[in-house]
Structure formats: C-alpha cells, structure tokens
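What follows is a single structure, and I will ask about it in a moment.
Per-chain residue numbering starts at 1, and chain names A, B and C are given in the order in which the chains are listed.
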Amino acid sequence: MPSLRLENVAKHFGGLKAVDKVTMEVLPGEITGLIGPNGAGKSTVVNMISGVLALTEGDITVDGVSVATDRADIVSRKGVARTFQNIRLLPEATVLENVLIGFHRREEAGVLSQLLGLPSARRDTKVFEEKAWDLLKRFRMEEFAEFEAGNLAYGHQRRVEMMRAIAAEPDIVLLDEPVAGMNDVESDELAVIFRELAESGMGLLLIEHNVGFVTRLCKKVYVLDSGRMIASGDPETVTRDPQVVAAYIGTSGH
Amino acid sequence: MLSQQILNGLVSGSVYALFSLGFTLIFGVQKLLNFAHGATFMAGAFIAYYCTISGLPFVMAIGFSMLATGLIAILIDLIAFRTLRKRGNAEFPALVSSIGVDLILVSIAQQVSNTQVLNFPFGTFPIQFYDVFGLRISLLQIVILATVAVLVAALIFYLKKTTFGRQVRAVATNERAAALLGVNAQSVYLQTFFIAGALAGLAGVLIGLLFNSIQFMMGEPYMLRAFVVVVIGGLGSVQGAIVASLLLGVTQSLAVAYLPSGLTDAIIFGLLFLVLLVRPNGLFGDINAVAGGTRQ
Amino acid sequence: MIQMYYAYQPIIDFFLLSVGFGYSQQIALRAGVFSIGTAGFAALGSYCVAILATKTGVPIFLTVILGTVLAAAVGGLLALPLARLRGAFQAIATLAFVQIILSLLLYGEGFTGGALGIVGIPREVNTWILLIMVGLIMYVMWNIGRSGMGRVFNALRQEESVASSLGVNIGKYHIIAFIISGAIAGLFGGLQSLYTFQIEPHNYGFHFIVNMLTIVILGGRTTLLGPIMGALIMAILPEIARPLAENRQAVNGVILILVITFLPNGVGDEIVFWFRRRKQARQQQKRASDKEGNDAVTSS
C-alpha cells in the first residue's frame, strides 16, 4: 500500500503564508493526526493534497509519484479520498445515492453501454448497490438509506460523507474534522471504524481540532500553528511539548 | 469614410454602454443575469413615445420615462429575484424568471402598439447636421455622446466616491459581511436596480430617436449585444463594459460597412466566443468564470 | 377514438416534438450545464435533413442519421471551450452559439434559402414515427438515470466540488452532456423538417429557446416525467381558453416566474418525488413495525 508524502509544502495567499514549508507523511495502515488551533492552515493542507488549491512551493507525492499539479479528480483516481470540513452532500439525493456516487472511479461500463443499458452498466449499479448497503450497515445508517441527505441530523450527514469517501476503497483518506459536533458515544463508534479501516491497510489522516480524540487514535501526530509545523511525534510527547501547549492555551484551550 | 464609420460606431457604442452598465451593475452586485433588461430598454422608448404624443414636452417625457423604467426595474427585482435570492443558489432560477418578466413586458408592448412600428412625431428632436473636420455629425449624435459621457462620469463618481458606492462594493464582495457592517443590502439592491432601469430606459429613448423606430421587439438585439459587451469587458466590471461597448459599436459599424451585411451578427458573436476562449474572465473582469476542477 | 385522433393529431404531433426537444434541454440542465444551445442543435439537424432531402438523393433515414451526427459533433466541439466556463457564462456562450448558427443560416442564402428557408421537404414523418422516436429517447434517458452517468450528472448539478473529489472528470462529463443534448435536438430537428414541409431560421430563434426552457422548468429537470408533463401542459393550455392561446408568450412568462419561484422542481418532478416519498414512508413504517415485532419476540 502506498504512502502520502508532503515535502516543504507552502501556500501563500498574497503576502500571507497560510502554510509554510510543511513536511509530513501518512503511512498505510496507520492513523496519522494533524492538529492545530483554528486558522492554523489544516484545511489548506487538505485542499492542496486533494487538488483544490495549487501549491506555492514544495511537492506532494503518492507512492513516490508527484500529484502536486494534478486536478482533484486525478488525485482521487490515484487513491486519495477526502471529506469536507463544511459538510458537502448532494442535498436532493438520498443517503444511498450519496454513497453510490462514491463508487464512481470503480466504474467499468463505457459511455455507450450506459446509454444503451447493456449488462455491464447494470452490473456496475448492482455491485455498487450491494457494497453501499454493506457500508450503510457498518455505519449503522441502513434505516436512513432512503432519506434525503439534506434532511439528516448533523452527525448522520458526517457519516454519509465518510461512507462516500471510503466507498471506492482509497489508499489514503483525508478526514477533515470527522467528529466535529458529535457526542462521545458517536465519536467512539467512529473511532472503532477508523481503527478497522487502518487495519485493512488504509492510511488515514485525521484533521482535528479535538486533541483528545486524536491522541487516543493516532500513532503519530503533527501540529500546525499559523501555517508552521511546530511539533510532530507520538501523541504523548507532542501534547507535552511546551510550544503546543502554548499554541492551544493561546486560543480556545481544548 | 473610415473615420465617419468609426464616429457612427462610437455613437452607437456609447448607447450600448448606457444599456450594458445597468446590466453589469446588477450582475456585479447580485451575481444574477437580468434578462428583462432588454424589455426595460424597450419600455423606456415606449413610455417616452406615449408621453410625447400625449403632448408632454420631450425633455419631461424622457425624465418621466427614466423614472418609470427605474421603477419597472425595481418591480423586476421584487417579482423575479427577491424570493429566489432568499433561497440561495439563484443563478439559473433568476435567469429563468427574468426571461419570464421579459416575455410579459414584450407581450404588453405588443398589445399596446398593436404590433406596429412607432415613430416619434416629426420635430421631436431638431434635425441638424454639422461638418467637423470633414465628418458629418448630427446634433442628435452630439447630444447622445455628451449625455452618455456625463452620465457615465456621474455613475463612476457615485460608485467610487460616495457612501453608496462603498456599500455597493461591500454587498458585491460579501453580502453577509456587509450586513454585519450595517449595510442594508435591500436598499443597495433597490438603488442598483433603479439606476440600471433608468439608464436602460434612457438608452431606449436614444435608440428610438437615432433610428426613428420603436417596436416591441427592439430590446432583444440589444440584450444579446449586452451579453457580448459584459463578457468581453468582464461581467460586473464598469470600466470593462464601457470599453467593450465602444469596441462593439465600432466593430459593428465597420463590419456593416466593409463586410457582407448578413455576417455582422456571426462576427460579433464569434468575437464573444474568441474572448471566452482566450480570456474567460473578460478584459477587465474579476469574477471567476472558469469552472471547478482546476487548482486555484 | 379514431376520430378523436384526427381532430387532435396536430396537437399530439406538436406535443411529441416538444417532448423530444425537451429531453435535449433537460439533459444539459440535469448535468448542471446551463446550456440553451438546443435551438442551435435543432436548427443544424433540421437544415441538414432539409437540404439533403430536397437537393440530393440521399435516402431519407440516412439524412436523419447524418443530421443527428452533425448536431452531436457540433455539441461535442462546442463543449470544448464551454466546459471550462461557469453557469452564467455558459448560458451566454450557448446563446451566442445559437445566434451564430441563425445568422449563418440567414447569410448562406444559396444553400439555406436565407430568411425564407427551405420549402418542399418531403413529408415522411407521421405520429407513429414521432412516437417511436420519443420512446427510443425515453429508453436512453431511463438508462442514463439508472447508470453511473446519471449519478455523475446528478452530482455535478448539485455539488461540483464533491463530484471532482470522487474522481469525476467534470470537463469530460460536460462534453458528454453536450453531445447527448446535441444528438437529441439534431434528431428531432430532422424529424420536424420531414414533418412540417417548410423550415426557416426564425423557427429556431428566441421563441424556440423560451418554449423549451418553459417545458423543462415547468415539467422538471431531473425525471423522465419532467419534459412530458411540461410539453403536455404547454400543448393543452392554448386549447383550454382562447385568451391563453392568443397571449402565448405572456402565459409562458407567467408560468416561468411562478413555477421557478414556487415549484422549483417542476410539476413532473414533484409528482415523481411525491410517489417516492410515499414509498419511503411505507418502507419506514414497515421496518418500524418489523422491529417492534422482533422486540416483542425477544422480550417475551
């Protein structure tokens, strides 16, 4: 399984250095954390990896091959999936349909066979539907399958985003604040799923505001503050780092 | 001959500017295309015509017509845009509902005029020609150029130097942030629509005079030309609209004079395509026209 | 029954043609492409067929195929520059495309007959052929709806960034949508030529654009039923009351404003959604009662 590497990645908006020379790695089969106070540049990092924002400097590689200038859909095809911090669902579509679109890059039928309804196109839909139901069961969302996604509760919407992101079995998943707004029971349920995903070989990058959740799950944690990497290492060392403590106390004090 | 064509082109281009400014202003503030702008323009010519033949002095007829088209534009905002705006993501729905308003206004004009072509009564505007450096220029052309120059200057002053201008730009950049700063977005919308409508109405009167012909379909070609203008100039850009209008007026007048007449439209709209290909944001535009998928 | 058919035949045929053009307009909107190019594609198909059928010995069915292919190809080419553009700009560019086609038709008099158009086109198309062709297009649209392509179109319409993050090549699917929209409009343009005896550029002007938009907005932008409901209402309205027929454009205008403001999904889509919701509610109830049953068993 391939790993994701960021090498001296920087993003400047005009004179502002939103992300400044960040180097980090997401390894397969592990949950890696990226924490930092609000406005530290975490989402900018996610957007650069996933092909939404262009890099000012540096390089991003998947399995040793650069993806730094690839379009978002190509990054996704190379096995990097993501969720969005501000949830983005297809609001008119049902939960099931939202998950089904996640299988897009596994589609095998060509354009013509889709137009003519040939067996290969029907097979795609059938296989994806079965897999989608498996995911719904795993995330305990079966009973909402036919609900319009826009009408779901916040926590359930986050789950839909996650199912959609992991549907096509990516190598790397970037989870942008996956447990924001969830209670402890809900986030514990997700923690179990995250561990299972990592055990299956997926590399997870957990972008979080909530330090507690990250330190419980992650093997390695990176800390961003004002666009700079101020610490990295195992969770215990990092959370005791005076710079990290200062950065957090300086803001909201989680 | 060439310079005469350029002069004529600048005159019609200046009317395009008057017309397109309102359209681009509305887009700049609301990010919505007001397709009923052409019908507002037509309404301007109609109202001025009926005022004139019922005996009102021409200057008052123009003033009344501008007031009326300003109010029509406000009505368009209330009927076609307001509800959609509240719902969000209104770009396409607003285009559709403004087409609806356009159809209604054109229908009314058709009924009122009985599908006839109307002309301002003889002597509404004195017909007088001057020879300047070998160019033949009519009093009407001079008045049009001067009026447009004054109005455009006033509008730019209004937008750049007054509190209203700052409010307009605040709302255009970010409505929510503007609201937090105490800017009343509704009043900004009303004012921009009123200005846009009044300018379109005046443009309608001027075109009605220039070609001495007023009819219910007259807005359509101008609406289509306004699209060319705003795309070339950059949607939402005031300077861009002015430059592109003059450019379009001159191009069109030259194309009519030197190229097969039937090809004028193909050339103008071909030009629009070319600009979209090379500079999707127009010459002065700052609103991003390019679709998602590319890194920003 | 037969008599009724003869009495209403022109309306039925008009309805079927509208449904066809309606699907061309719908597929673009469904994919989140603000194209109003259907008029231009229809003009291409219609003129291609009319010219070939009146001036050459090409078999009629072949002229229709050629017209369809031409419009599809132009659709694909048009999509190349347009796929980069966003909503309003796409709408304007497609409008410019229609204007270019119309002015070329007016200009190429020797070939297209200019403003007078082409007359004496053999009348080869009847209600049954139109019905079969509408059925064919519906079958294709149904397949799209059940396949990955339909899912991608739905995703593009609702949230482009999500589609892109899941590996959807936005440009590619916009091109596909344009090609399908072009092919359908080209096909029905050709059929219209072979139905009406005479065509002129004016047929594909602003009124055509507005009528197609009205059909899809009124009917619905996402379901198979959409264009059918839209075209049906627009065909029946003028029959109900004379003032409605005389003020067709104003009626169109009122419908556009009211529907887009108060029934944004359109009549056809709303009907489909209502049935869908009812089905969901039933399933929900069934699941709940099953669960209760199970609980009762386990607790006893």
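What we mean here is this: a contact is a pair of C-beta atoms (placed from the backbone, for glycine too) under 8 Å apart; a residue touches a chain by one contact, two chains touch by 3 or more.
Fair warning: this is a prediction, and the values are worked out from it, not measured in the lab.
Of the two chain pairs considered here, A-B and A-C, the higher C-beta contact count falls to A-C.
Greatest centre-to-centre distance from subunit B is found for A, with centres as Cα means. The innermost chain, defined by the distance from its C-alpha mean to the mean of all protein C-alpha atoms, is C.
The distance from the centre of subunit B to the centre of subunit C, with each centre set as the mean of the Cα atoms, comes to 31 Å. Once the centre of each chain is set as its mean CA position, subunit A and subunit B turn out to be 47 Å apart. Centre-to-centre spacing of subunit A and subunit C amounts to 38 Å, using the average Cα coordinate of each chain. Annotation for subunit A: residues 51-52, 71-73 touch two or more other chains. Looking at subunit C, residues 161, 164, 169-170 sit in touch with two or more other chains.
Across the assembly, subunit B contributes 292-293 as residues in contact with two or more other chains.
In the complex of the two chains, the subunit C residues touching subunit A come out as 139-140, 142-144, 146-149, 151-152, 154-155, 158-159, 161-170, 176, 180, 222, 279-280, 283-284, 287. Residues 29, 34, 81-89, 91-93, 95-97, 99-100, 102-104, 106-107, 109, 160-161, 164, 169-171, 174, 206, 210, 213, 217, 247, 249-250, 252-257, 260-261, 264 of subunit C are the ones touching subunit B in the complex.
Across the interface of their complex, subunit B is touched by residues 51-54, 69, 71-73 of subunit A. Taken together, the subunit B residues at the contact with subunit A in this complex read 292-296. Looking at the complex, you find that subunit A touches subunit C at residues 50-52, 71-73, 76-77, 81-82, 84, 88-93, 97, 100-105, 107, 109, 111, 114-117, 121-122, 124-125, 143, 146-147, 164-165, 168.
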